[in-house]
Every structure is written in C-alpha cells, then in structure tokens.
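Each structure below appears as structure tokens.
In what comes next, subunit A is part of two complexes: it sits with subunit B in the first one and with subunit C in the second one.
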Partner chain A sequence: MKEVGIIAWAHSEFSPRNEGMSRNELLYQVTKKVLEEAGMEIGQIDMVISASCDTVDGTSISNAYVVDEMGAYMKEESKVEEDGAYALAYAYYRLLTGQYNNCLVVSHGKISDSAPAFYTNMSCDPFLLRPLGLTGESAAALQARVYAHRFGATEEDFAAVAVKNRRLGSINPHTQLKSPVTLEEVLASPVVASPLRELTTAPVTDGAAAVIMATGEYARERGKDLVRVEGIGFSQDLYYPGNKDLSTSASAKAAAAMAYREAQVKDPLRELDFAEITEQHAFYELLLYEALGWCGPGEGRRLLAEGVTDREGEFPVNPSGGALCANPVMSAGLVRVVECCRQLTGTAEGYQLPKPVRRALAHACSGLFLQSNLAIILGI
Partner chain B sequence: MKKTELLFLKEDVDIPYNWAAGRYGSLFLTRLRDEGKFIGNRCPSCGKVYLPPRVVCGPCFTPPEEIVELGDTGTLVSYSVVNYPFIDPETGSRRPIPYTLGYIRLDGCDTYLSHFVDETDPAKLTPGLRVKAVFRPREERTGRLQDVLHFKIVD
Partner chain C sequence: MATKVAVVGIGMTENKSRWDLSLPGLYRLAYQRALEDCGLKSEDIDAVAFGHSPEYFEGVNHPEKWCGEAVGALNKPLFRVHTGGTVGGSVAIAAYYLVASGKFEVVLAISGNKLNETSSAQIGLSTVYDPIMGRQFAAGAPSAVAVQASKYYSQYGYNEDHGLMVAVKNRNNALKNPYAQLRIPDYTLEGARNTPMLCHPLRLADMCPTSDAACAMIFAAEHRVEAITDNPAWVLSAVAVNEGINYVDRDWSKPIGLRKAAELAYERAGIKDPRRELDVVEVYDAFSVQELIWYEGLKLCDWGEGGRLMESGATRMEGDIPVNPSGGTLCANSIGASAMFRKAEAALQVMGRAGEHQIPGVRRALGHGWGGGIQFHTIMIFGKDKP
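Let's look at the complex of A and B:
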C-alpha cells in the first residue's frame, strides 16, 4: 500500500476562553503555524479537509465561514462534522488514491462563544433525552456508574487517572492545566454529576489544531521526515444509550481491531510503545484501556495501579497529560495525533518519554456515551 | 499601539422545529398520554424489546413490528445526582439542583429508559432498586415524555 503520513503539525494555545480572538483569527493562526512548520506556502497545498461543529459555531455549514482563514480559496475543501482526527482519516484515504501529493487537515472549536452544555444537549434526541437536560457531563456520569457497578471500580480509581494525567500534563508546556493535583484534592473537588467531580472531568477549552499529510514520495522530495499512518479504524455504536452495554465501548473495540489488523499489530501492549487517548472523563481512560485491547474487562484500574501506563511504565498512556489537561472541542483527538508526532520525532521538549519510541496509537471519539471511536497507528 | 477594546455580539437563537414523531413515536406518546401506559416493540430477529419503540433494530436492521405493552415498574440500572444548572424547556428557567437522572429498565424490556428519579440523597440510591413511574394528572398530559413526572423508589 502507498506510504502516507504526517509531515507537520501544530495547535493553538489552549485556554478556557480565548477572548482576544474570533474563530477566524484562531484558524488563521494555526494554519500559518503548520505551514511554517512544514516550510510550505499555501499555494503548495493540494486540498483542505476541515473539522468543525455547526452547533458550536452557531451557523449551518460552518466551514463555509472560515474558508479564507484556512487557506482553502479555490481549493478542494470538504468538512467532517467530527473531531479533526476523523478529517485526518478522510485525508489519508484520499492520499492513498495517488491523485494528490498532500492535504492540510485543520479543526477548530471556540466553545466559549457558546456553552458546552448547550451543544451537548443539542446533540440529544428531542423527544427522549433533550427534555431531561441530558448533557455531556450527565451522560458520562450515567455511564461511569454502569462501569463502576459492573466492575466494582471506585471514585478513587477514577481519581487516580486524574492524578496521573495532571502530573504528566504539568511538564507539558503546550497544555492548558499545568498544575499537578493530589488524590485528596480530586476527591474533595465539587461533584458535577455523581460520580463525576470537577477534577475527573476535562476542562473547557477553546482551540484549533492542524496537520499536513503527504505521500511518502512527496515527503522524500522535500526532505521531510514522515510520521507514517500504519493503520486506521473507526466505528459507530447505536445512538440511544439505553440500547447498548455502557460498561464498555463496542465501537472502540471495533475501531482498534480494524486499526490493528491494518497495521498488523497482534499484541498492542508489546508492539506499540505508547498511546494518546481522548479521556474526556477520568473513567473513560480505564474503560478505553479495556476496549482498546490492553487488558481484560474491568482490569483497567489494575493496569493503572501497576504503573504500566505511567511515564516510566512499559506502555505510557497520555504522556501529554491527555484531554483532562486540555480538551479543545473538535480538536482533542487531532491533538492526540500531534502529541504522538512530537514523541515519535523526539520533539516533546520537557516531556519526551525516557524510553525510545517508534510506534504509537492515537485515539479520538465523538458523540455522547463514546458512541463513535477512531484509532490510528502511527510509526516512524 | 492602543489596545483595542474587544467587543462581543450576544445572540440567543430560537430554532423553530415541529418534529414529526412518526408512527412508533406517536403510538408511544399517545398511549403514554391517554392510558398512562408504556409501549415497546420487539425485534422478530433477535427478540429484543425496545422501549421507547424504535423504527429499526440497529444490529439486525429489522423493524421490530410486534407491539409490546409494558408495566410501569422496573429496576434502576444507573443514576447520577446532577449538581449543575440546566434551563428546563418546560419552564424556561433553571431546574433546581440537585436533581437525579436515572436509567430504568422497565419489567419485560431489554433497554433502558432515561428519566428523572425522585430522590437526591446518595445514601438512598443504588443500582438495582425497584422504581415505579409517576404520571402527571390526565388533564396535564400532552403526549410527551414529560407526561411521566419522574420515577419513585418503591423498595
């Protein structure tokens, strides 16, 4: 199969409320930054694939609004209404056709212009879920209880994820929350929706991210190192939460299986060196260890407690601090890809993993109750 | 350079919709309104009973055509005591916090219904509790999920 990968990456600064910038300014800044990283001019870009959300942006077909800023003037441009990592998947398949040399993938979400609860409630069924006021937080809370009840996991287990990721984030100069927290602080933080607390839930983040994808030939011609895409998998579960098993994520399992098959990974824990996953809630991380095939059902907390997924462990997960340290809406998954690229190229300055790394998994998700999941295997 | 004063445009968008409930949705909601009864449907292929009734059983891609009448009691599968404010579309104002959201598996069905539970004391909540639907008085029902006020614990 044709070699396709990533030659440049960038993301904006992350903040809970970027008052100084409009969404257009945010997007122009990140597009300029990724072009600079690649040493390219906008005229050299073959096509643009964007990711954004109409409800977050408050306009329908909201990509139309930011064409100028993402450099898509007179170019092929299409939008994915999912996390930017899904736009990367789309770009990957287009580049495999051999019809293009490269693609700019760019995602944005300026959630502070709206409100997270509004946008997650708007994604709910208007007959059955929306009138109950269900939002991202209460949906996750209901799922956390199902997971905890089935496996006997406790609030302490969830808190331990937050402690690990905030500690790892504290040495990542690029993230939003840079202070470590103790187990006591997490367990004393206010209850958002039981059993979720403020510190086991991702922060609100404005942000944008971008990568430039290219074929192997194009990267070599330009003398650019390529972070290869070795496999991609994604999958959708049922919509209505009452119709599926919430103690796991069948679509995360299916996505990982597809990515492993494509990348010929048989034993992910041995054949991959680390992972970056979108744990917008602390318990997601434990549930995803299991769904992504790194341990058996209910064993996520053991993997964490044994230090396997810590910075010095045999399989570090979220060495960047993950989404619990910065959760840019529509970009959190693409930022996982960026963080994998940094580690794989040895440019995670200040938080580079101590062991050599050559192969990683980046995970993204979309929808309430982890409805849709995506896994990408990256290698150098 | 003089610092620019940053301005914001405030807008509250009212989005007009008149959602079609369709055949199954209307059947579910009219029986709720007129008889205070829950209606589900059963997939002929896998036997799963859906509540609320679905147009199609996703895994089988088959319409669950057999209508099943369910009782008003069930089991609490999950719950969350919610502590953050939410603008209630019923009243247009903030719902008082805390309030409790639950997943209820009604007796005789295989799926969970999301609804409110009339108990916010964490010490009195646990998965597995028996619950029963509390309906609004007949004259207040309008054919919506909110015709059920909440579920109460009957253990």
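Let's look at the complex of A and C:
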C-alpha cells in the first residue's frame, strides 16, 4: 500500500473577530504560508481540496470566489462541506490511487461574519428540531446533562477539563486564549446553557488552516520529512437526539475503530503517544476519552483526575490547549492535525511534550450531538 | 496502482415539483432504487459520498446530517461534497476515488435538491456572488449566462437560433425520458422563438426548469463487480478542474477549465479523438447555448465550431456523436442531482439500459457537469470494457 502523509502545515492567526481580513485574505495568507513551509510554489501543487461552509460564509458555493486565494486556479479541485480534517481524508484516498504526487488541503471559516447560533440552528431540520430553538450550545447542554446523569459527573469534572486545557494553551504561542483559568473562575463564569458555562465552551474563532499532503516517493524526492497518515476512520450516526444514547457517541466509536483497524492499533493508550481532539465543550473531552477507546464508559473523569491526559501524563490529550483555546469553525479538526504534526516533528516550540512522541491521534467532529466524527492516526 | 472501479447500480427519482416527499424522503427514494437496481442491501455499502448544493435552497445547513439515515449511513463513513452545480459530479468522483484508493469496496454516491422548497432558486444563486464585489448586480444564474451567450453569439457570428436549436433537440429527446421534467410534444423552433425574452439573449426556451430530484450511483471495486452485476459501466476517468471567476481577460465563451478537464480525462481514458471514440455525451446544459460551448470545451469540435456542429445534426439522437439523448439539464434541473444525472445517464448508455433514449452500440460515454461561477467542470468517462 502506498505511503501518504503530510509535508507542511500552517494555520492563520486566531481571533474572535478578524476585522482586518476578509475570508479571501485569510485563505491567501494561509496558502502562502503553507507553501513557504513546504518550500514549494503553487505550480507544483497537483490538486486542491478545500473545506468551508455556505452558511458560515453567508455565500452560496463558498469556494466559488476563493479559488485564486487557495491557488486552485486551473487545477483539479474539490470541496467538502465539513471540517478541513474531512478534506484531508478525501485527499488521502485520492493520493492512495497513485495518480497524484501531492495535494493542498485548506479550510476556512469567518464565523464572525455570521453567528454561531444561527449556523447551528440552521443545521436543525425545519419540522422537529428547529421549532425547539435548538442551537449548538443548547444541544450540547442536553447531552452534558445526559452524560452527567448517567455517570454521576459534575460541573467540577467538566471545569477540570477547561482548567487543564487553558493551562496547556497558555504556553502555546499559536492559540487564541492564552491565559490559564482556575477551577473557581470556570465555575463562576456565566452560564451559557446549563450546565455549560462560558469557560467550558470553546471561544468564537475566525481562522483558516492548510496542510500539504504528499506521497512517500514525492516527499523523499524533495528531501521532506513525512508525517505519515497511518489510518483514517470517520462515521456518522443518528440525527435525532431522542433516538440515540447521548452519554456516548456511536460515531466516534466507529470512527476510532476504523482508524485503529487501518493503523493496526490494538491498545491505543499504549500504542499512541498523545492525542489532539476537538473538545468544543469541556465535557466532550471526557465523553471522547471513552468513545475513542481510552477508558471505559464513565471513566473519563478518572483518566483526567489521575493526570494521565495532562502534559506530563502517559497519554497527553490536547497539549495545544485544544478547541477550548481556539475553535476556528470548519478548521478546528484540521488544526488538531497541525498540532499533532508540530509535536511529532519536535517543532511545538514552547509547548513540546517532555516525552518523545512518534504516533498520535487527531480527532474532528461535525454536527449537533457529536453526530459525525473523524479520527486520523499520524506517525513518524 | 489504483483499483479498477465500475458503476454497478443507479437510482433516479423523477424530476418534478413534488410535495409528497421531504428532503430525506427524496434521497431515500433514489437510494432504494439504486440498491434495487443492483440487488445490494444497506449493509453492503461501505461508505457514502453525499452531495447537496447550496443550503439556501431548502434552508437547512449540513443537510447530510438530517438525510444520513435515509441513505443508510448509520455508523458508516459519510462526508459531504459541495461544489454548486457540479456537486453531483463531484460526489460521483469522490465515491470513485474512495473505491479506487483500495480502502473501500462498495461506495454510494448520492446527490439531490428540492429547489421548490425555496421561493426562488435565483435568489439563492445570487448569493453565490461575492458580497463585496458582485452581489450588487447579481441576478441569479441567467445574468451571468446571458453574458456568456452574448459573447459566444457575437464572437462567432451565431445568433439566438443556435441556442434554440439545442432547446428543440433536447426537448424532443426528453419525450423519451420518463425522468425528465419538461416533456413537451411538438416542440418546434418557431415555438421556441415565440417564448418570452427573460434575460437577453436568453428566452424561456433557453432555460432549464426548477426540479426536485435526487440521483444515486453505486461504485464497486473490480473484485466485487462480477458478483454484483454482469453489466457494469467501468470508470475510465474522473476529473474535476476549476477555473477562476472574475478576470478582465476571462473569455466566458471559451471554457479553458473544461478544456483542461477534458484533456486530462481523455489522456487517462486513453482517448485520442473524442469525436470518434466517444459514442454518446451528456453535458450540463442548464442553458441551451451552453451545450454549444461545451462541445468546444470537450473537443468534439474546434473553438467556434459548436454552432456549426449543432447545425450539422451530428449531436442529434441519430447523429454520429449524440449529445444529451436524455434531454439534458435543459429538461430537468434540480442542481444538486443534475451533474450526477449526466454521469448516470452516460453509465446507463454504456450498460445499454437507457430505455427509449438508448443509443445503439455504446462502448464509451462521457458525462459532464458545471458549477460555481461557470467555473467548475466535472467529467467522468465510462466504458463497456474493463480498462
């Protein structure tokens, strides 16, 4: 089987409202940056796969007016309407055919041009969910309640995730929220949708991210190190929240199982060195520890409390600070990949993990109630 | 080497305005028909490439989440592709590559739209234009295509009749296609000339209808094909190329993106002389005149010869290179499914299962799609013989 991986990565600056740049400029900047990182010119790129969303951009066919900025002019191209990590997955499958040498994967979202609650409420069907006024936050709050009720988890358990990730984010020069927070501060922060609070909820972030993927042969020819994609899994489960067990995520389980199978990972906690996951809410992180197979149901908080997933722990999760420190819509998952690449290549300056790392998992998700999940196993 | 891939099953819904099915229901119908077509069950499908055009049309963001269960994507890999009008093609291409990668054996591509859910598809299409430079003068798709048509007609000495000739040809072809929406008997050039002028030089006759429809195609890896069907349509190439949108030197009547896509597609399919080696072509003629321009982009004739190719009768059902025997997008346009209908029709022609509009003896067929600011082009070429 062909070797495919990542040779360069970049993301934009993250801010809650990037007034200085249009989406076009954001994309141009990140594309230019990733090409510089790879030491390549746009003419050397075989194919571009982008990720963006019409509802975020307030523009139908959100890639139509940005093809130049992403360097896709007169190239083979496609777009997924998902997180950029799904675009990476699509690029991976195309590169496996051997028809291409490389692919630029790029995602963007300027959510400040729209509104997060509008974006998520529009994701509800017009008949049953939308009349409830459901948004990303109220949906997550319902799910958090189910999780807490089922396993006896408390607001303190959720707050502890925020404390860990904000502390880790405080040494990551690339992220948006760079200040640590205390448990008291988290628990005193305003309620967004009970039991979710402002500090257990990811911030609003404008941003873009890009990676250049290549076949092993191409990377070797150019003398570039390759962060190998060893396996990818993705899955979607039921839509209506009343139809499924909200204390876990069936699709996250299926995505992880598929990725582990491809990468031949049997015991993820031992065989992987760390993970970057898209915990847009603090409780997602606990739920995902379980769904991604790192502990049993309800044991997420124990894993956290024991420090297993902290920076010095045996299985650090979100050493970058995760999505709770920067949550660029349509790019949060691809940024997890970027953060894994930094750690794996020892270039996470200022926040490099103390232990040597060779293999990691990057996670992305999409939809309300964690309906769709994606896991990528990366290795060097 | 890439795994060889074939289309083994196809499911279409009729193109029409329909209020009996919700959006998931419409997808469900196409999905069920595709499964029945090849005798597969839901559990045989490894992954789903899901297509849907602008969210604006039904007013639902991430419709793939709502419609996933309806297409059997329960704890199954699914992602959504969205490239505007090309989406049906982009999704079919995605499904092809998933199988070609060797990681999936049987993949469903499905795409659709219910354009009648919106008060006007053209308002939605006006929001394609850039909010800072473009939306002020946006008037849906016809305003852009009118520019394309005027440029084409004036540049090569053609006139409105050349577009209307396409309309007459395709509307008559559509009479033989039960899935087409516009099936108007006795459609004549004289009648077409007398339809209202909507956006000069485009008349009502030059325009596609507003349809609700979905289309599904099932792609399978070589080693699975035989057990599923003895009549597959092999994928010879699958290409999507993008050109830019606003350039002072952009010639709307000369689709260089399509030309590049065609050259790549022919090269990968081992085709040197498309006019002779292709037996039938389905192009995305959302507007009549575009068919002439796509002839040229696809190298069925030289630049500027599209009108004359039409006049020669070569692209009629009985001609040497029939184009749009199904009636094309001009007779059925849901946007979301349209570019896949072109691919599915091409595959059906190769399988010899196109029904009344079957062209005899088809061995190679091409399906095309366009989208975005008339800038994205998708091409798939299917063959009767395994590549």
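Quick notes on this structure:
We take it that the second predicted complex is superposed on the first by the 380 of 380 C-alpha atoms of A that agree within 3 Å, B and C clash if a C-alpha of one lies under 4 Å from a C-alpha of the other, contacts with A are read in each partner's own complex, and residues count from 1 in each chain.
Operating definition for what follows: a contact is a pair of C-beta atoms (placed from the backbone, for glycine too) under 8 Å apart; a residue touches a chain by one contact, two chains touch by 3 or more.
All values reported here derive from a predicted model rather than from experimental measurement.
In the overlay built on the shared chain, the residue A:R342 is in contact with neither subunit B nor subunit C. Contact with neither subunit B nor subunit C is seen for A:R166 once the two complexes are overlaid on the shared chain. Once the two complexes are overlaid on the shared chain, A:L134 sits against subunit B while remaining clear of subunit C.
In the superposition on chain A, A:G58 makes contact with both subunit B and subunit C. Set against each other, subunit B and subunit C differ in how many residues of subunit A they touch, and the higher count belongs to C.
Contacts of A:A117 after superposition on the shared chain: subunit B is touched, whereas subunit C is not. Of the two partner chains, both subunit B and subunit C are touched by A:P126.
Shared-chain residue A:K75: touches subunit C; no touch with subunit B. In the overlay built on the shared chain, the residue A:P190 is in contact with subunit B alone; subunit C does not reach it. By the touch criterion defined above, A:L142 reaches subunit B but does not reach subunit C. In the superposition on chain A, the residues of subunit A contacted by subunit B and by subunit C overlap at 58, 126-127, 238. Considering their complex, residues 6, 11, 13, 17, 19, 21, 25, 29, 50-52, 54, 58-59, 77-84, 86-90, 95, 101-103, 111-116, 122, 127, 144-146 of subunit B touch subunit A. Those residues of subunit A that touch subunit C in the shared complex are 1, 22, 48, 53-55, 58-65, 67-68, 72-82, 86, 89-90, 92-94, 96-99, 119-120, 122-127, 233-239, 250-251, 254-255, 258, 262, 366-368, 371-372. The touching residues of subunit C, counted against subunit A in their complex, run 1-3, 22, 53-56, 58-62, 64-66, 68-69, 73-84, 90, 93-94, 97-98, 100-104, 124-125, 127-132, 134, 239-246, 256-257, 260, 264, 268, 371-373, 375-376.
Residue ranges on subunit A touching subunit B, taken from their complex, read 19-20, 58, 117, 121, 126-135, 137-138, 141-146, 149, 190-196, 238, 240-243, 246.
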